[in-house]
């Protein structure tokens, strides 16, 4: 079994291998220039700050279906410990064990591979338990601060959330951009809202996980045409799940991460942002979504913030 | 044994308990208003982005002296795993175990307690293994985006790094502010550079840890007078270590976190920022330093970014 | 709310506080003498060895209901790593994160407390995040090797497994002892089989967990009268769950661990042993069930073995 | 670079591939028969039980030199938690993160590989992050209960511990067997004492680790000739370290684990056993050293016990 021709056709059109040099490890993040950042800062009007991360706790979004992707196990190792003797100032310390892709996260480029390759045509076997992802690992990612754009697909359609079998198409993205009176530009980080997160927030983790609306295999070309720097959404799987094309699993991952070299974000909570953007009538903002620099990481928890 | 009168005198002067209501859990972060954020965005000139986090890896800054504060143990749980069958798109996943205060981090307010109290006079015993810090935990922290100001104490003195027994005083802070031609204002996040991080970057983790220059017990009043929102520096212990006053361990922690309710950051890498600020002749910038929202956490790894 | 008189009546009758001195930390394990061990070794006839531990894996018995009691997360940190250069001998290493009570385990005596006390009347507050259980922790447990006796309650009744609401009574234990033609003696480790483990082995983890047959609140007196050293069974909760007496949760834990100071084992797989004992017509054997010596641990995974 | 002829010569002589069938996953543990176990039980005289595991704690034997092999991080997740309401019976739970080879442990056969092969000629690439060691993993190991024999090399030579550059030879083993008046037989588990553990117990972890006496590359043949089932000793590296033959690192691992398929134990504390055997004038005993059945594990912590 191998990937179908339909996949390879799109792959050819969105491929960025070599575009920023043979040694490039950051892909479309190259598109975030100083000018982009300046214009991002210029979008700030009210100074309203909207956080986009889910709380980190053991009762998180993971249901156990994905092996090893564990919710945070957060334990105290010291509580009010008077390390320097009785009556001295006391401290409390804690520790965590968690999957880097378990909560609100960025996928690093080497999170996906196909046909033995990761981004920029590097061999997938360069990922090892000892070195982890030594090429394009999450520690290589430069500061992720840029102009953010919310494409509120659900709200543009007058829905609380998209149907579970709705693949978000380029036409949906256009419609949402028009709804928000915003134009997607080079270097932008695009946040696509499906409303699926509502299920998670209401406590239905299984309903949230599967089946799920998500990005269509047709969207990578749309992002590629606009030189988008990164894309995140409010679902567990990012792309529609199960996929539009039978047995073509994770095609969007392969196109975005491997072919384009574009960061993907998942499990972003866009509910408060949806309200804020509607209230402020502002769909472009300053977005900071810094990766924790795990050396060789194929992902990272992230605590993004939109500043309107 | 109890804390000396000298401590309690300062404590009285900087105490913010009740200032933002009896139920307040965020302390001086209340001082970051929309206006402060707008003015922060207005500082952006070149769009240059400087990351301030150390790489996260097992060979991190912890030497084992602080029990339970473990460097990141980062392991792969999947490598190029074709979850949907041979020839399909493959994914790689990883997991981490680490102390929340092990690397570049924020201390949450309840990280320190004294005399049985945490910030806002709440009982320290509210921290339990089951609930962790249910009051003022790191998950309660609003988005930490504000104007950042670098007080480059070492550079202002013409030094690579301060001597190991140098307590950074209010006079040092004034000198560095003057050097940078910057005025610290309400809602600012102040970054204090000692240069001590150089030892760490050169591989001398033990020299980095102890003895260490750091903030004097006299600085909380200076920050309090200016209504600073948060302070971070480039040392393991934040305050001078061993302390200026014999046996008065962690006094600055107690004053900042417990009395003022002011976030403290440690192990921030300010070396590149020092160069950037000098080059750009700009010591105020937009700072984003988002806490990962660990529910009940007494700290969090953070990947801060300064945007100049 | 406090524990009812019915509980305190039994507690008085089975209490062993002070029996082995005020400083004793091991309770009924004092009853395993050299003579007991010699007689245990003398039970060995065929040399058949039956392991009693469940496999340790992420898909283990925990369903997430008990906070923090996580199934093993087992990851590779090295795979065929040629640490000394290409072509040299390679090694593979792994790491685990798990709850000490998550799988086949012993509860240490301080795993339970009531009315502020642990075994031997020591204050429960001696358990802290820093020291963990510094009194009667699992590291204090001497080698757990003794005569084991299987009381196969299910088989004695001609059942595959007991009904979910079956509280195993002293009469049931007598019946099973008679069925196995075995007399429980001082220093014995008694294994009580309900057959509930079958649900777990068939993949029904939720059915296994709750509701569950288990030991009646009347059994501690029976064990006490016979000076049993330790008891283990093949359920998640050890005692019948929900309890026989409304709202009297974990009474057997309190009686066994706190009052008697008797180790309890849970999630022991007694299915193969049930077959072996029936085949060999031998219900007493040498049992080794060594605790892993976690300093201050309130439990330990255990890999017990019965030698017939 | 590849392994020298000297290695391959020995390898040929000790190789057990195919000896117990092409599908065998347990190697020399096949040699522990019912008869061996019966004779092991018959060695019990006093019933004295000697534990052989080091305490499990963060301040354990690992110094950080071996990447990812972390000492136990043991934290409390519940302390005296009244899960069923105020005044009810309370419980305490804990969790651990640790390297499976970090403390007193068994190496599983696939812990070592060379020339792309693990035990029984299987491909080393069958070890993956997803499946871990699916062949010959520690979960495949049958109950490790057999006759144990202490070869107290240090005591036989009248030494507290061997010199750091002492490679334990077949002649040393003979001498120790003669000293103990014991004959090594098929199915025995041999414990070789160097006394190096004393350094560790005195707090000198670095001295304990390196340089270290240990088994000579000539010993596998001696064990092979006697059909020994498993071997453990009281050092970090098992074999002399650095090795006797320059650049021939981990040759004993390769011979024992890969070629012979013989379990190896490291960091066993044989000090109390040394005293006990001398006092009882008994160097053969019942040994139980059960592996924790981590599915796919390449090692396991073990809490062995010798019963004299």
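Chains here go by letter, A, B, C and D, matching the order in which they are written, and residues are numbered from 1 within each.
We take it that contacts are C-beta pairs under 8 Å (C-beta built on N, C-alpha and C of every residue); 3 or more make two chains touch, one makes a residue touch a chain.
Predicted model, so just to flag it, every value in this text is computed and none were measured.
Q: Chain A-chain B contact: same residues or different, taking over half shared as same?
A: same
Q: Quick one: chain B and chain C, Cα centre-to-centre, how many Å?
A: 45
Q: Suppose each chain is reduced to the average of its Cα coordinates; what separation in Å results between chain A and chain B?
A: Once rounded, the distance between the two centres reads 26 Å.
Q: What parts of chain B, by residue number, touch at least two of the other chains?
A: 67-68, 70, 73, 75-79, 95, 97, 128-130
Q: Assign the assembly's chain-to-chain touch graph to one of these shapes: line, ring, star, complete, other.
A: Basically all the chains touch each other, so complete.
Q: Note which residues of chain B are touching chain C in the complex, please.
A: 67, 73, 75-77, 95, 97, 129-130
Q: Contact residues on chain D for chain C in the complex?
A: Interface residues on chain D, with respect to chain C: 1-3, 33-38, 40-42, 44-51, 53-57, 66-70, 72, 74-80, 83-101, 110-114, 116, 124-125, 127-129, 132-133, 139, 142-143, 145, 247, 249-251, 253-254, 286, 288, 290-299, 301, 303-305, 307.
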